[in-house]
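Listed next: structures, encoded as structure tokens.
Both complexes below contain subunit A, partnered by subunit B and then by subunit C.
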Partner chain A sequence: MEVIRHLFWLLVFPGFLFTVILGLYACWIVRKVTALIHHRIGPPALQPLYDVLKLLGKETLIPEAANKAVFIWAPVVGFASVLLLAILLWAVDFIPARDNGMFLGDVIVAIYLMVIPSLALILGSSASGSPHAAIGTAREMKLVMSYELVLVMAFIVVLIKTATFHGISDSQNDAQLLSLSSIAQYTPALSISGLLAFLAALLCVQAKLGFTPFDIPEAETEIAGGVLIEYSGALLALWKLAQAVMLVAFPLFLVILFMGGIGTGFGSVLLGLGKYVLVLVLLILIKNTNPRMRIDQTVKFFWFYCGPVMAVAIVLAMLGNYYDKWWL
Partner chain B sequence: MEKLLLTLIFVPLAAGFVLLFTPAKWKLLHKGCGLVISVFTFLAAVKLFTAGKIVFDQPILDIWQVKLNLLFETNHLNTFILLFAMGFGLLISIYSLKDASAPRQSNFFYGALLLAVGGSAGILLTGHLIFLLIFWEIVTVSLYLLVITGGTECRFAATKSFAMLGASDGALLLGIGMIWVLSSGTFQFTGLGLPTDSALSIVAFLLLMLAAVTKAGAMPLHTWLPTSGECTKASIMAILPAALDKLLGIYLLVIIVKEIFLLQSGPLSFILSVVGAATILFAVLVAMVQHNLKKLLSYQAIAQVGYMVLGIATLTPIGIAGAVFHMLNHATYKCCLFLCGGAVEHVSGTAELDQLGGLGKKMPWTFMAFLVATMSMSGIPLFGGFVSKWMVYQGLVQMESQADPAAGFWPLWLLVAMFGSALTLAASVKILHSIFLSRKPDHLRNVREVSAAMLIPMMILAFLCVFFGVFYRIPLKYFIYPALNIERETAIMGSWNSWLAVIYLLGGVLIALLIVLLSRSLLKQRSVPTWTCGEVQPNDKMIVPGTHFYKTISSLSPFKQLYHLQEKEHFDLYNHGGKIGLLFSGFLKWLHSGLLPVYLVWTAFGLIVILTVLCNIW
Partner chain C sequence: MNWKIWSLKKSPWVFHVNTGACNNCDIEVVNCLTPKFDVERFGVTLVGSPRHADALLVTGVVTAQAAPRLIQAYQQASKPCVVFAIGACACGTGIFRTGYHVVGPVDKIIKEVDPNAIIAFVPGCPPKPEAMISGIVKMLNAL
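Take a look at the complex of A and B:
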């Protein structure tokens, strides 16, 4: 029974089928809303799926200078890791809290799993041996470095807020602090520091997804696709699928961390989906109203502008914790 | 069993000492001797690990209040570290068998190696502070001997390491003296538990801490590590600074915090936290801009010590357990990284990053081991380094419910630790790109994979990195928890179901492979030249070296000045110490003018001072 349950989890719900379909649908929403902003009609709902199927039928080109093994394995591992992340995050919402054996990991694990797709992309592009890809590699890594600082700070705000809500004073409750399902019980975004942290984390997710203004590693007009320049055929299709799953997993992470998660009842699922769509629409709006930044501007933006703001948010949250004011 | 314990320590010491004086040409003897003795010490360590508690106590000297006992005792902590220390010794002697670029003075290399192994065994097993100090010195000397085998260009590095480690050993001696006073005349540290309430005990704690973190390579006395890393052979870096020194330094730190002192004072744990956090952030920032492989690895090694110090500074069971586990993981992956670096240097003749590239295709095994070890170091889930960092983070989060000054700053420590891990990844990506991925420069066309004797140690270490990551409960259960007297399953507060994650990950990989294979797109694969927009360029012109990856950051405003100061070696206490030493010796020189009247004046002055003091006493 256990095996079948795990297989179902992996293949159907909330694993491969569910997440990929939802992700492709989210891709369509991104393109449709973008089109609406541009006063275009936009593609039909199945267009992202057609794109993937079309790519699967194409031949795969592999550069002569490439390290073939890494070049091929990178999208495979990238896809698998982001699928794992999605399952971990869905499990928080759909598994009753007492069934601890099913929990893959806590919030720190989730943050670290979120790095693996970027890492796979970096290794794959570096393995392709193209100078364009090498520049993309460097940019992707710098991008990771720049937003990781802010993401960790936002995570710390959430930790402090969770501690405040719990009223934790003894170490027995510490276990609750890191568990995603207990974090999902609260909505830090309703406090001042939590709202600041949410906005900053939203920008980090924007960068993680490679959306404008942070599409610097791909930058079609400068380095012709950068990290993805040498990818084609089925391998490119895998990257597209991985991006679709990311489009589910990363906003879901924000919903769990800042907006109280999704929950299990019918009403709360609807509400949860509403939260997810809200995050998605915010991402799309940022994407369509900003030009691409340069990498040095991005590093400065995250470290020297978002960083101090988040430091203020952390101090506010700690004050709130100290004086027991949840809205701080 | 007691005999085994004694032979484990003194046979390598004696053999190492004898080997030093054999002719350099007897390479076969040196190699054979090194291998046989390291096999023996490893087996003996296994035996000691599985045996129960052994105590060997032999009074040697008993004059006035000073009692000198040759005291060795085993417990869970020291036998487990001993097991790994001897294991690393064995792997290095296997690796060096085929290492053609091994130093010409193989008598020095193997002699010092055995001295280091024996000395470490002595440090770990002894329960007496004076003997700890003696063995500690032996390891310091053996590092000097190992570094000096690199030839004339290594003399500076050898002297610098010896001076800095020697200074910290001086601090250790002073600290031990203070402990002797504080504990009213005992040198045995097991269960000593001195309170840290008086000024003397705080100073003693700080002195011992300085010795421990210097050996481990944390700030402020860290600069001996990159300096010796730059010119020393990689196998030497792999055994001493990367593996044994870390084990010993962190062992001493754990002993200080858990056995010798009862750490109640908040300021002390605050100082430890600052040392840890500063080490992580500063060293990893410097590591990012290095151009030499071994120097970069050395700076990363320094940064990782920060995690161990920070973990111990949390004073929570899980933080300390995480620190000890990170010490184990660190020794494993760092040793592996240096061995791989040695292999790269062996085949290409250089460790400069901008002259390498594309070696992953020709050296797949070295690449694989290196990749696994860097992933472990950067804290990627499913590798060992992740678990221990994760435990340290949990210790930091647990500080939330404590009420001392260090705990109040827990968000800062957590931020530095987690952000430092991203920067570590950045430095690792730079190495991976520059050496193994990217494009192969034309002069490396004939490179070949290294021999099996060099590959096997790397493979074993890489396997351990994965094993400690996936089945992390096993080392925790058998090594870490018993060593620190932590009850099982009580410490970890987070959840990380690593084996389930592996299954899901493999499932995901299978799905992805199925998609690719079913589409048959790979069957239609075609090999094409790199897309260069129609421009035809020679291969060497198309290489984008990893050394330029982080120019964006090193030319940003505050970092630019920081890197400038770093390049001028303003953060190197060795230089400042040297300047103070020169001033002092200049003063002495000035006093020794060679003029008899001046000497007479000084003598008269001294006489007056002594007389005044004596009169006052009477």
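Take a look at the complex of A and C:
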């Protein structure tokens, strides 16, 4: 019985199936809200599902110049890692934190899992042997380089805030400090440094999702789909599914880190859903009110604007920690 | 109905190929995506690569320069992929019929490489967006 319960938990709810369905629904929300902003009607609710079904039914072409193994396995690895991240985050939300018993993964694991989809995209597109994809790959690499530092700095702010909430005296063990379930008990976004970190992390997630203004690697009007140009059929469907699951995992990660997670119980689940939708709508609004930036502008933006702001936020958080002021 | 065809009807992604049009048809093609017509209601999306496309929207007479590119774009598209000849020029070379650079209408060029290709004609100079949407609907019903 126990085994069946765990398998159900992993595969159906809130595991793989639920995450994918929620992701496709989130995809629809993105397209629908975009359409509403344009004063259009927009696609029907099942449109992302139709898209994926259609792609699964189409012919899958592999270019002659491609490195077949990498080309085929990259979307599988990207999809698997982002799905794993989503499962980890659901576990943090729905399994109550135990003292020191179970390992539920910490921020470090999540950071690594968040990088793998981008790495898989870089590998897959560079294996496709297309000059457009090569440009897209170069841009994706620069993009990862530019936002990753800021994202990690934002996480450091969260960790310092968590230490503050825990109280300086009982910094019992570091594992407790890094664990996502203990971070999920606090809301750093209510403090000044936490809010700054949240905004910066939001922009990083925007770049991770490949949304405008950071859709530089995919830039359909100039490099014709860039990183995804050679993908077709079932492999493209896998990428679309990976992007759908990213739409669940990354905003959920921000909710856990900055807004106190989702928790159990009817009320807190509703509240958690509200937080998730808030983050999603913020991402969509940024997407629809900004034109695409150039890659050099993006690197400059993240390193020379977001970077110093994050440094200030870290200093503020440490001052808050030292003087025991939670709002700093 | 076959689920592949059913889902294809629900989300036809289109790729736009200009084989020597005067840009008039192209403007009208883009017009279909604007709030007034909004073909995304039917799942139609403009994609950047022929690999992703379910339909090629070809505008303009096929010139000697463009013919090999059109064939290449058609061969690169993952099948099933249909072809729309949009505008008088693409349907039957129009007023450029006797031009020295004209190889032929779109259907002739595509049929050279794939005799079984599904080709739809949307005449007009340029065709109205309504005409294009009606062409898409007729094509999807014929699949």
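Here is the rule we go by: the second predicted complex is superposed on the first by the 314 of 328 C-alpha atoms of A that agree within 3 Å, B and C clash if a C-alpha of one lies under 4 Å from a C-alpha of the other, contacts with A are read in each partner's own complex, and residues count from 1 in each chain.
We adopt the following convention: contacts are C-beta pairs under 8 Å (C-beta built on N, C-alpha and C of every residue); 3 or more make two chains touch, one makes a residue touch a chain.
Worth saying up front: this structure is predicted, and the values here are computed from it rather than measured.
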In the superposed arrangement, does A:Thr60 touch subunit B (first), subunit C (second), both or neither?
both
Who does A:Gly233 touch here: subunit B (first), subunit C (second), both, or neither?
both
In the overlaid three-chain picture, which partner chain does A:Tyr50 touch, first (subunit B) or second (subunit C), both, or neither?
second
In the overlay, answer first, second, both or neither for which of subunit B and subunit C A:Ala224 touches.
both
Tell me which partner A:Ile284 touches in the superposition: subunit B (first), subunit C (second), both or neither.
neither
Which partner chains sit in contact with A:Ala80 here, subunit B, subunit C, both or neither? Use first/second/both/neither.
first
Could you tell me if A:Arg31 is touching subunit B, subunit C, both of them or neither one (first, second, both, neither)?
second
Subunit B and subunit C footprints on subunit A, overlapping residues:
57-61, 224, 229-230, 233
Within the complex, which stretch of subunit A touches subunit C?
31, 35, 38-44, 46-47, 50-51, 53-54, 57-61, 220-221, 223-225, 228-233, 236
Given the complex with subunit A, which residues does subunit C contribute to the contact?
3-4, 7-8, 10-11, 13, 35, 38, 40-41, 43, 47-49, 51-52, 54, 76, 78-80
Taking the complex as given, what residues does subunit A use to touch subunit B?
6, 9-11, 15-16, 55-65, 67-70, 72, 75-77, 79-81, 83-84, 87-88, 100-106, 108-109, 111-113, 115-116, 119, 122-123, 126-132, 134-135, 137-138, 141-142, 144-145, 148-149, 152-153, 155-156, 159-160, 163, 168-171, 174-175, 177-179, 224, 229-230, 233-235, 237-238, 241, 295-296, 299-300, 314, 318
Within their complex, subunit B touches subunit A through residues 358, 360-361, 364, 379-381, 386, 390, 393-394, 397-398, 400-401, 411, 414-415, 418-419, 422-423, 425-426, 429-430, 432-433, 436-440, 493-497, 500-501, 503-509, 511-513, 515-516, 519, 521-522, 524-533, 539, 542-544, 546, 548-550, 552-553, 556
